[in-house]
């Protein structure tokens, strides 16, 4: 087992290296001169040339990459062109809202989708199953922002239950924090619920067909126990896996949701940085998100050891 | 029972938290949605209007411009001009102090003017007249000029970018091409550096030691009295529909520039009002690049001018009838130098004439590369209208969409359009930036040496402007301004496209908004 | 690492004859397919459906509600009366014409992205699955590419390269490639073990012949299924890019662009978002339903998993 963990840990290194290369190339190979952008609209050619040298943009691309990586390894993502502060500080400032939104969404999604998927599998082929499958396809098909506008219009404007926008830090009090998160999280969780419910249902159907379920039922165990303790426990691996895949989906959703609900998180930062051609910030944020994605999937792989002791490595 | 009690305790705890502990301590908070993001905190380094507005929060100025475009003293108490017009002596009023408690002295003033004079266009012109700036006493400074200059007060009281804000000497000595990092001013608000989160929010608290002038506030002049304890700029709320929703629900107090499409909704919402704080408003213009075909020929530029019906632009872009009007003057209307000279080509614009002019100009079908910004709602429809009108007149148009950042860096390129250059773009100016021939960047006609993009080359305009700068008599200046405009229309420097206002939307409890060419938050009361 | 939940074993070979018949009997395929055929027909026949040039506008006709009549000025300068079936936007452009012409763009984006991602994914997957020396490097590269959230890559690429149909399609397709590659690779690996392939190898059949003659045909069914899902998500992603202001240029009528412009006044004139949103949702829904149906009929083993 420890060997598996060690091997899995080591396998993330090449992935991270390739991510770094891709992120670096993504921006270096695009048109547009970072120096000209940084210099502002009234800069002369000489000033731009000076800035180019100070940024190290005059060096060969391999050297630039080396410098860049050595900075990253020291935890230095450079300074934002547009926001004029360190990218690491910027990410730190924007982390809380995104983290709150993402974890809240995840909690809602899992709490809603897993029971739905279990029930659908239990009543496989019945009306509930059909309805859920219908909903899940629908959930994949509605653009997040349309859903957001509709929810805001109904829940906030017509019913007046929740704020229409904004984010309150958890330090400003728990209730305001929660109130501001509910609507964005629900918006974002729909596609996630659709995805997890589908996978839960599918893996439950498979698990329910196994021999040990028949054995458990034959032993006269209560149906709820059979469903949860036996079937769901055995269907856990694909469910946990799909949550990992969904992290990428979640990051995409965060970008849109934060824009509509005016949440100053990392998603908004990405859009702002891209529109402002803020190269260090774009690189920093993409690198950060990729890192999170790799780590989450690492943790999920490692968690198989817990969820499915039968897996031998 | 125990679990019940525990729930009750928890609920009470939530309720207590819900009361937001900060609310009592903060007092009155004005929550503003500014028109753009605040990223640069040095209003001398950049001309960005957000940075200018930030400057007005925390700095004070020597002179100001009132709501009727008259220059009035602000930090200055009294001043005199010598008979030969070459020595100006200014005395500061008493009670001026920076946020750190230090008094404002003439040395701070001179250092600030010097830095501003390196960056600002009008400041640079003023500095060509200045021989020396002296500080005979802590409350007195003297401008010694080489020759009489007609726009000393106009420059010092300049209401819009770059505004000669007065900073402490240690800050003003920063290299003008580097940004400052010490935000100590002497204005009515103090910047909370520790609460500033770019792209999220900027916070200002009341400067309790600020001594306002006695006169009522008007424009950037008069008593800057502060009636709220804290102003919060919400920099995260950018989606126009979300802005309207937030105002409707009272989650914010003021929207600086609602999208034009939002006014219909805003007028229907109870508890929300629309108020125009800038009666002089903005002027739209489309700019030609005089370096490259087809707009290197005056005849072609004038054919485009003839096609540009201002009403078409204004109706599509602004749409709300009472918020726009056509205006033939390049110096904006209802201002001292407003004139109709030379504007017939546009005022009587019609398609048939445009087609004739274009045919006569020998236009060979070279496509016009027209740059369109996709992320600036206030101007992004202009290029579409221009394209349609020009196509109707017989032009070939290549409408290229890009974000404003890209447009800004591309418009600085003098290369031909095929090599990354351009032929035309459209933009908007606040009236004070263009109401004088000296400050109107579009009338810098020094060819490739011109400071603004498009590089028209017309020595006659430059010569008239030089005369204008030296002229002290208002009547003669007006005449010169009219001549400059007539020549500019004949040359086809740019196309003025009419004027608009972009009123603020605010909660009904908010009163006392100052009228003027900027977004100022003194004098505002919140019930 | 993670795609295993979707990974599949090869579909059987001997189902070809009955596949077409099973397809026609499947309700998901019938519904999804016919809606899609209808949409394609609408897109192709756009000029014949009472539309006007979708870029033409007349500010005098702005913000008309659905069904109202206004006017439109043509490029020749003639002003003609026009009935705005789905209303007009804040330019005074005809939403109906824009939505109909928008179908062309959205459907092309979906189709092109799916084809592009499949083309690259298949080549990479065949290479990785069949050529040992390539496998390690290529799959590590794909792992890296997969670790970068797709939407971020797309946003950055489109914004930095400036939106055009080509850049949007490439930007959306790139993040999809690793998934296809993995799928193809796993299919290749399992098909390689099949007796008839082993037999071919032992008979000395050249590698390329095995790849294209034996292996590729067996990957078609799962790839068609995967392709439809890519198509659906590409159409959706295009609209999200436009919404964020980093999609196709705003003067090109796409459903995303129409909604992005209409959202400013969503509460007052919801028709600007409603009609394109409806078309978008129906299209994506149809493609997804078709995908589900194809999966159920062509690829029963996968159907059991997801």
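Each chain gets a letter, A, B and C, in the order it is written, and its residues are counted from 1.
The rule we apply is simple: a residue touches a chain if its C-beta (ideal position, glycine included) is under 8 Å from a C-beta of that chain, and two chains touch if they have at least 3 such contacts.
Please read these numbers as outputs of a predicted model, since none were measured by experiment.
Colleague: With contacts defined as at the top, give the pair, A-B or B-C, that has more of them.
Modeller: A-B
Colleague: On a CA-centroid basis, which chain has its centre farthest from subunit B's?
Modeller: C
Colleague: Roughly how far is subunit A from subunit C, centre to centre by C-alpha average, rounded to an integer in Å?
Modeller: 22
Colleague: What whole-number Å value describes the gap between the mean CA coordinates of subunit A and subunit B?
Modeller: About 40 Å, centre to centre.
Colleague: Round to the nearest whole Å and give the separation of the Cα centres of subunit B and subunit C.
Modeller: For subunit B versus subunit C, the centre distance works out to 45 Å.
Colleague: For subunit B, what residues touch not just one other chain but two or more?
Modeller: 239, 241, 245, 375, 403, 406
Colleague: Scan subunit A for residues touching two or more other chains and write them down.
Modeller: 32, 149, 157, 259, 275, 277
Colleague: Could you check subunit C for residues that touch two or more other chains and list them?
Modeller: Residues 159, 162, 245, 263, 266-267 of subunit C touch two or more partner chains.
Colleague: Show me the residue ranges of subunit C that touch subunit A in the complex, using the header's touch definition.
Modeller: Touching subunit A: residues 1-5, 140-141, 143-145, 147-153, 155-157, 159-162, 232-233, 236-237, 239-240, 243-246, 259, 263, 266-267, 273, 277, 280-281, 284-285, 288-289, 292, 304-306 of subunit C.
Colleague: Considering the complex alone, what residue numbers of subunit A touch subunit B?
Modeller: 32-33, 36-37, 40-42, 47, 80, 82-85, 90, 93-94, 149, 152, 156-157, 160, 163-167, 172-176, 259-264, 268-269, 272, 275-277
Colleague: So in the complex, which bits of subunit B are touching subunit A?
Modeller: 14-15, 17-22, 37, 39-41, 46-47, 177, 179, 197-201, 234-239, 241-242, 245-246, 248-249, 251, 375, 403, 405-406, 408-409, 412, 451
Colleague: Residues of subunit B touching subunit C in their complex?
Modeller: My answer: residues 239-241, 244-245, 259-262, 264-265, 312, 315-316, 319, 351, 372, 374-375, 377, 380-381, 384-385, 388, 391-392, 399-403, 406.
Colleague: Which residues, counting only subunit C, touch subunit B once they are in their complex?
Modeller: Per the stated touch rule, the residues are 56-57, 59-60, 62-63, 73, 75-77, 90-92, 159, 162-163, 245, 249-251, 263-268.
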